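This report concerns only the one structure given below.
Read from first to last, the chains carry the letters A, B and C; within each, the first residue is number 1.
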Amino acid sequence: MARITLDHIRHAYGPNPSSEKDYALREVDHEWEDGGAYALLGPSGCGKTTLLNIISGLLHPSHGRILFGGKDVTDLSTQERNIAQVFQFPVIYDTMTVYDNLAFPLRNRNVPEAEVDRRVRDMLEIIDLADWSNRKAQRLTADQKQKISLGRGLVRNDVNAILFDEPLTVIDPHMKWVLRSQLKRLHKQFGFTMVYVTHDQTEALTFADKVVVMFEGEIVQIGTPAELFERPRHTFVGYFIGSPGMNVLPARLEGSNAHVGAQAVALDHAPDVKAGDRIEIGIRPEFIRIGREGMPVRISRVEDIGRHRIVRAEFEGQPIAIVSAEGEDIPAEARISFDPSAVNIYANSWRIGAKV
Amino acid sequence: MLELRNAAKLVGGDYHIHPTSLSLSRGSLNVLLGPTLSGKTSLMRLMAGLDRPTSGSVVFDGVDVTGMPVQKRNVAMVYQQFINYSAFTVYENIASPMRIAGKDSATIDREVRKAAELMRLTPYLDRTPLNLSGGQQQRTALARALVKNASLVLMDEPLANLDYKLREELRAELPKIFALSGAIFVYATTEPHEALLLGGNTATLREGRITQFGPTIEVYRKPGDLATAKTFADPPLNSLGVIKANGTFRHSGSGDMPVPAHLAHIADGPVTIAFHPHHLALAPQTPNAPRLRARIQIAEITGSESFVHLDFGGARWIMLAPGIHDIDPDTQVDIFLDSRHLMAFREDGAAISTQMAA
Amino acid sequence: MEKTWNNKAWFLVTPVLLLVAFSAVIPLMTVVNYSVQDTFGNNEFFWAGTDWFVQMLHSSRFWDALVRNLIFSFVILLIEIPLGIFIALNMPKHGIGVPVCLVLMALPLLIPWNVVGTIWQVFGRVDIGLLGHALEAIGIDYNYVRNPSDAWATVILMDVWHWTSLVVLLCYAGLVSIPDAYYQAAKIDGASRWAVFRYIQLPKMKRVLLIAVLLRFMDSFMIYTEPFVVTGGGPGNSTTFLSIDLVKMAIGQFDLGPAAAMSIIYFLIILLMSWVFYTVMTSSDADA
């Protein structure tokens, strides 16, 4: 296992990038800890797969260096980097048995057969395919095939990092819960450095210690799931994480009050803004209380999704989403109040802290 | 109205669809919810007329259409893959069903622009589908299905290949679009969450059988059997086989818990109790919520909540607890069950009706 | 899978059925008719029963030709299939090279059989042909008109030149359908070049290879035009394959009865061999 250093990496697919727009990946300069579980999260085209391919060695970055445990591997091939990778769609060797599929990466590296047997059998238990070990891989279901792909990625214990490229895309919702928690358990147990690419926030947040949110070729925020949820650095992070995403409302600031239309929202701090900044406040639907007290809203729709309801409403001419717990009363003349500690202030889309 | 009357599909001796009766009314949104290979696509193919049922019939507005080829029915379909004519512009793609129907160009132009506006495709009308994002491509396919003015619109996991956030946006738009059209919509998905967000009616499928059909939220709240309850749960449903004896549910691996009032009437003997992950918590929800002891498997943090995977006397449970609880694996913890929401099922899986305290 | 009943389908397939009837079934029946009768022309027929079949199966001429056919098919499969795979593996997968290679590969396939024969007939001639003359010049005694082994070598070389492209194109189609992720995964798993071929490329090419082997077997077993043009079946009978023999018998000697019996035996052999090939090659699919 190794620490991964991304040293001023930039990448353009075209030959002569002239402007920032030509870069699929703009300036990534970070260090990822040994044994960390990182998720790269973002919409398609945000550069997350490009970054993953640079780490795995399938792509050579246009600029910058990549280091594993302090050793420069920029010019090394995928094989030489000694990593494992699991792809979006199952990659299995059709003609081999399940057992041989798992043994393949070990045998290719001349691991003694007794050791191969021990590790393959362990892995078969973990991915719950022990009863299938002598079956040809070709006939299995997509779930099972993807489990083999996962197993092949995890069977080696000498890798620098294990990379996952949206590995649960083809898996049914129930099986996702099982596989994801198994992955997480394995991570806790063995401390692999893992990098997991996904567009699905639930997968990213639940899997990773640190989530790397990417947007238009840049990393907008790296943080723990709680940080991303409670303190999104950029309105994009607020929108992208959370379902529904954060409500972002244009506002004016006066001391430690924010004015949205005719309403004043109390803040727990006085934000440090400059004149001329475009100010917005961000509040998560989960932190808005709906009831008979507070500011008036006009409810347009209530979606009952079982464990809670999503109230779609209009607040001072702006659409707003509110999460209301199961069984909570929603009055016809509804009023809302914001939890002051959960209100974030954004100037030109970037979060600003308190005045010092 | 579309009716399936005992329609079944037998392939090589196996029922892909067991005899099914179902009626869908005009202007309704119907979700087919079930895991992969549960028969959603097979059922849609029967509805569309792409396959002929082995037995039973398909009746549309009182007319038996069993065996009538799909070309002669007024059906539109949208698939998981983005299927568009790649050589045509978005405009021509949307216009294509009307061109086939021989509509005049003024009507076509009006309808195309209306559908494009609805699907927010107006700026892209002159582009070809390959120059669009996945979401735009799928919106083009949806627009084409809409302008066809079909009486039956079938959608087979139409959002599955889109990004999470895009799905969320389209999912919010779809019910509004459905409401404007008078067609029967059938929407297949594997995700319970998606069914709940779409609303309408839901039919849960398992192994080629419809286990329940009714208004979505009712099917979710009052599943008729354990299979339906499990299909309609994400995160997965927690369940436990227990023996009811007097006022307690006994479980060999973990001890007893009191029977809540709404289940007090059921007869003593074996039952399966089940509940959703958000009805477990680390703190008591009500003063007399039963306290249980479980071992932590792994904790997953998601924003402001935690999914805690538990081992409860051998049963694998998930707790969705508010707040951040990064508890180490193999720790023993006290958990509390909001037993007001407990469901009970007989040994054969049928739900036992509850006596709700009003 | 059972589809919705559609009467239109019958209208669409009827022309094909009629065409097949006229082009295959009716001639076949004529041949069957000839094979059980004796005729001297002028429309007089005598019932011969199985005589012609017995005669054919006892003639060394028939067995010699059959053995020649089998050896020929065996040799060209042994050369063309591996060579085809090898070329397909080494063809570019991206860029400008792809269309160039594809066109080059397709060229031999576009030339009519008899022209191929003529090309090689001239090409191999010792007096004016490029190949024959060159071989002669470097001191190799080569003459396909006189020497049976030279005749064989020429016919095989010609067939390889003409038909390896087909194998290449089929294999290439199989290869390009393999997603990149497979190659990437193999790299990450540390697979050798051989392992990539054995466990990824070969399994993915299996279906097209089956088609290639079947087509090449049937075609080579029925070879007629090229050896007829180049060697005329000689020297002696050394390149007289079944089809050439058949024509000699039917047209040259006007032995219609025996020729018809031979055609039927020939037809049954091809049918049987194709079936055997197909069963053997698809049987490995059924296990697991």
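One rule holds for everything that comes next: a contact is a pair of C-beta atoms (placed from the backbone, for glycine too) under 8 Å apart; a residue touches a chain by one contact, two chains touch by 3 or more.
A quick note: this is a predicted structure, and the numbers were derived from the prediction, not measured.
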- Hey, which pair has more contacts between C-betas, A-B or A-C? A-B
- Task: Farthest from chain A by Cα centre, which chain is it? Let me know.
- Result: C
- Query: Just how far, in Å, is the C-alpha centre of chain C from the one of chain A?
  - Reply: 57
- Query: Where the centres are mean C-alpha positions, what is the separation of chain A from chain B, in Å?
  - Reply: 25
- Task: Spell out, as numbers or ranges, the residues of chain C touching 2 or more other chains.
- Result: none
- Task: Spell out the part of chain C that touches chain A in their complex, as residue ranges.
- Result: 179, 181-182, 184-185, 187-192, 195, 199-200, 203-204, 287-288
- Query: Which residues, counting only chain A, touch chain C once they are in their complex?
  - Reply: 56, 58, 77-79, 83-85, 87-89, 91, 93-96, 104-105, 108-109, 135-136, 138-139, 149, 152
- Query: Within the complex, which stretch of chain B touches chain A?
  - Reply: 35-37, 133-134, 163-166, 168, 190-193, 196-197, 199, 217, 220-221, 230, 234-236, 276, 278, 297-298, 300-304, 307, 309, 318, 320, 324, 328-329
- Message: Which residues of chain A touch chain B once you look at their complex with the stated criterion?
- Response: 43-45, 141-142, 172-174, 177, 180-181, 184-185, 188, 199-202, 205-207, 224-226, 228-230, 239-245, 284, 286, 303-307, 326
